[in-house]
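Below you will find the structure I want to go over with you.
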Amino acid sequence: MRFFSDNAAPVHPAVFAAMAEADGLDTAYDGDRWSKRLDGRLSDLFEASVRVLWVPTGTAANCLALAALCPPHGGVICHHDAHIQNDEGGAPEFYTHGAKLMLAGGEGAKLTPETIAALADGIANDVHRVQPHAVSITNATEYGLVYRPDEVAAIGALCRARGLRFHMDGARFANAVASAGCTPAEVTWRAGVEVLSFGFVKNGGMGAEALVFFDTDLADATLRRRKRAGLLLSKGRYLAAQILAMVEDDLWLDNGRAANAGAALIADAGGARLVHPAQANEVFLRVTPAEAAALRAQGFDFYDWGPGEARLVVSWDQREADIRPLADAIRALGAPA
Amino acid sequence: MRFFSDNAAPVHPAVFAAMAEADGLDTAYDGDRWSKRLDGRLSDLFEASVRVLWVPTGTAANCLALAALCPPHGGVICHHDAHIQNDEGGAPEFYTHGAKLMLAGGEGAKLTPETIAALADGIANDVHRVQPHAVSITNATEYGLVYRPDEVAAIGALCRARGLRFHMDGARFANAVASAGCTPAEVTWRAGVEVLSFGFVKNGGMGAEALVFFDTDLADATLRRRKRAGLLLSKGRYLAAQILAMVEDDLWLDNGRAANAGAALIADAGGARLVHPAQANEVFLRVTPAEAAALRAQGFDFYDWGPGEARLVVSWDQREADIRPLADAIRALGAPA
Amino acid sequence: MRFFSDNAAPVHPAVFAAMAEADGLDTAYDGDRWSKRLDGRLSDLFEASVRVLWVPTGTAANCLALAALCPPHGGVICHHDAHIQNDEGGAPEFYTHGAKLMLAGGEGAKLTPETIAALADGIANDVHRVQPHAVSITNATEYGLVYRPDEVAAIGALCRARGLRFHMDGARFANAVASAGCTPAEVTWRAGVEVLSFGFVKNGGMGAEALVFFDTDLADATLRRRKRAGLLLSKGRYLAAQILAMVEDDLWLDNGRAANAGAALIADAGGARLVHPAQANEVFLRVTPAEAAALRAQGFDFYDWGPGEARLVVSWDQREADIRPLADAIRALGAPA
Amino acid sequence: MRFFSDNAAPVHPAVFAAMAEADGLDTAYDGDRWSKRLDGRLSDLFEASVRVLWVPTGTAANCLALAALCPPHGGVICHHDAHIQNDEGGAPEFYTHGAKLMLAGGEGAKLTPETIAALADGIANDVHRVQPHAVSITNATEYGLVYRPDEVAAIGALCRARGLRFHMDGARFANAVASAGCTPAEVTWRAGVEVLSFGFVKNGGMGAEALVFFDTDLADATLRRRKRAGLLLSKGRYLAAQILAMVEDDLWLDNGRAANAGAALIADAGGARLVHPAQANEVFLRVTPAEAAALRAQGFDFYDWGPGEARLVVSWDQREADIRPLADAIRALGAPA
């Protein structure tokens, strides 16, 4: 009964089947017929002409995006709890050759035009200070909150006004879109996002994420950066096939919805214990060490998230029957201390 | 009838089966039980205590190795036809933060103690010149030649004498070992090799190579570099399972032998056309443009390799019946011009 | 009547004279007889066997130090108001190939063992988080505070206990030593500092700082990094001569004392307006925009330092008569609002 | 009697005088009135609107230029004997974040359109190969040859045709212009050069070179790179003053002519011993070890330059009387072996 991460979930059968179907000879790297279908397929999904590169990890997607948007001497504004700041082992600095992450605050790891502007305004425009060149937001956020299209658009407008480029880390993009009830287009390029890391691995994929360029001019140099980073797998067809399987018949969205629904069950049980509203597939609850121990004693596996908090993540493959026992156990803890 | 690259071959059924078997829940990254078996399993194979990291590409394996062996201000001696120089899109410079590849010559892309020493001796030991810190050889080479254990040991001895670190790019290590008829240990650590890129993708794998540290002190920092390069896949168990399947019952060696045997058939047909002895699974033949066109007209697919030369590569899955037609067609060309 | 920065002050006549004396032929780079005297001369000053490299800027000194102490995948703990974070245009990230500055708080830009430990304790020791490798403090701090030897030693002890390397940015080291009334040794290597950026440019030099290695093993690789950064001036004797002139007869200390004394006059006039105790040659005062304008109208030149604050810096060449008018003008403002 | 390098020569009195004149208070960095005169003064000299940045070394000038012209994933075509390849300790790779130097051959370290085109044509335009983005030539070359304006223009035309950027390392630009008898404009921007490293240090300066942008769009980002490299000296006025003194009344050109004239005396004596035509201030002679020893025994100091060759460099301050003895001693060696 694991709720520690959607990262560790199994692979969706349709993804496995697509990989098996791609087995056989084809051109190496991304010259195969699966890879060549990505641009078209995701252009349909996003209702825009996009360029798409498969990569094996979300970190790679994010960092190739940042390298495309920010020069080595520039900075990227992000939340101080952003994955790129805390969980990528310095990969953004590696890929950008040392660009600086500029850290803003805000509830639930969400940025707003106000927090971005305040941070940028505090940086004198002289040669001694690193200047911001880009903004990166995570949707759904690291605390399970979701940006509505209008919230993204407000940040996009600020970026445009100030000449900042705009990236969205969509490691849980499916959960965000499912939660917001919007189209993929509304919460990305229509709101000013120029590059999206479109995550599948937490949502049923095995090892393929899509780096989606709405600003297609950035794609060609990124092809070279991907190769230069050792990310151009010889047998790219197996990655492309995963992505194609995930977008077929909206599997990505169905999986996102399922995980969100599971999280809602837990959040409902959590009630007053909720640290943040549970808008996607992550639930953060206030629990004492004793309460956490009690839950674990019943077989529930999850991470502590700072003192007195637990993070519970629901994966695409967990159904109501898997989740009810946890919800019941949380309810049985009674009112929070 | 494709002979353009072993890179593009299908995945061995045992590899696919192992991935299917690994499907299910386990810890993310490399905390799973497949990843944890790698050190032990490859220590057995190499008759030494080794540390092993999976990575998705050979370029990543090579470049993490170089970064472990050479500081940014140093240089790596390699052949001017080495894969790291010509086919990795600048990845060695990216991973090492700008170390310099120092290019030596030599027949068939092979280095010798003499060519290495001559290059190193020509570099004044002052602060103005980048100093060599490491040597990297490819086995089998980019031209299908194989280093015998004593040849590697001679380079290893030179490295030890001069304080140079020693890397082997074994993208086709299976073909090399099968050809040399030696043990994996004899041609690596017993001969002074400190880090090996052990390739599986060209030999039946899907997207997993093993970076093998005989100098195990280098492994811990490399764990961090792997993460920092965006190479730490969330679901590492599917990579570890591939490698475990490849070394089970010597599948890697069987596949290497099979490909070598196929290349021998072609080489035999090539006769006087051979540019290099065909010791592994690659055959380089002198063919006129007209002859190349004639072969292609019969459905044989391969790369030109410089003017008047063709490269023919046999993959693990090609059997005698697949290869005979090519051998016959080459024979039918008659004596070379 | 300029109080905006000691950075812009003229060159001390003794420094100019030493450069003139060095004029003539000698070996290029750092092979000349002035450069060769640096190790010995500064070893005397520091009562220890040190290695010394001249560099043209304090940024270069700091960043070569950080590159010697922290790998690209590591982090350096410093204050969020540190010069390396805010005023070096991303140079630390450039020289370290993307190491992360880890920002702690604390009054007057001072770190303490407590703030360092709290920051480090918040970083899980896993591969996803960048790990701290070094601590860098500025003495005197960016707000004109001075670390006493025991304060440095407490940080040094923490560093030793945790395996962190320890750098001191001594852009205003003279002011710090003059203020603390200690020996150079007491506040550096005896307190655990391993590398010191010993500044002269703000204190009478023209364009030469000394990078002092107490851990002398770090010097050789730094010679290569200095060259690789384009910092190895052909005519290094003119830089070495500056440093030698500055340490001759304790000119550096006399200049530091003089500037501190001037700042004390201003601080005395500032009284209740002081934002921080004025322990070195910088004074930070609370002034309203109208008061700042009034001072400027009288010809005093200085920087605003955030809203409602002014920074007043005294240089080595300003004497009491130069400073009295400012002190009087501050007094004439009356009690702060 | 030193002929080992113009690098080590003393500083011209006019340069020293200009530095003394600049002594006194002014704005820090490059906000002072000397620095602000550079653009205008060199625009006059080059008969074009240029942007100029002072830097303390030629390596810094070259590498900032390359970083402005070539992305990290690109390559720079240069001669295999170029200073950037052999004598800058890996600085080009540091500043460009790992761009690859692509080495062409050619007599006397000179590139031609043919050698450049042949090298570029050998590089397949795919993602596996680093692509050339720029060409860098040295004028006068590392072997004392000079490019005529038409030779530069031929390379410039090739660059334009192929979309390659074009840099000139003018560490000995004065010697080149004096030798070619052309205007500075003719051999630079009129011939397609986009950035020039204009050297003064080998020609009477102390520690200031001018990085001249004919493509002025590149200057702003370079201001940030200069800072980020720790090259923005606080007291920039002393560097600007050096450059202004050097271009005043064509001092740079007079010094270049004087050194060239001295080299001509040596070359004349060298006769059949000349390895290369002596077109600037460097002379390369065939001498046996015994002959070299004989010259040294007479007090002449110079470098061996490969086996059986000596490099003799004349500096701006050496007059005929200083050089005659060497010329006579060379003549006295008799005919070469």
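Note that the chains take the letters A, B, C and D in the order they are written out, and that residue 1 is the start of every chain.
The definition used in the following text is that a residue touches a chain if its C-beta (ideal position, glycine included) is under 8 Å from a C-beta of that chain, and two chains touch if they have at least 3 such contacts.
Just so we're clear, the structure is a prediction, and the values are computed from it rather than from any experiment.
For A-D, the equivalent interface among the listed pairs A-C, B-D or B-C is B-C, as over half of the contact pairs agree by residue number. Here C-D and B-C were compared by C-beta pairs in contact; the pair with more is C-D. Between the CA-based centres of subunit A and subunit C the separation comes to 42 Å, rounded to the whole angstrom. Put simply, the C-alpha centre of subunit C and that of subunit D have 35 angstrom between them.
If you average the Cα atoms of subunit B and of subunit C, the two centres end up 50 Å apart. Shown for subunit C are the residues that touch two or more other chains, namely 29, 72-73, 88-90, 94, 97, 127-128, 224, 227-228, 232. If touching chains are joined by edges, the resulting network of the protein chains shown connects every chain directly with every other. Contact residues of subunit C toward subunit B in the complex are 29, 71-73, 97, 127-128, 131, 221, 223-228, 232.
Subunit D contributes residues 2, 5, 7-11, 16, 20, 23-29, 55-60, 63-64, 88-91, 94-95, 201-202, 206-207, 224, 227-235, 238-239 to its touches with subunit C in the complex. Residue ranges of subunit C in contact with subunit A, taken from their complex: 72-73, 75, 86-90, 93-94, 96-101, 127-130.
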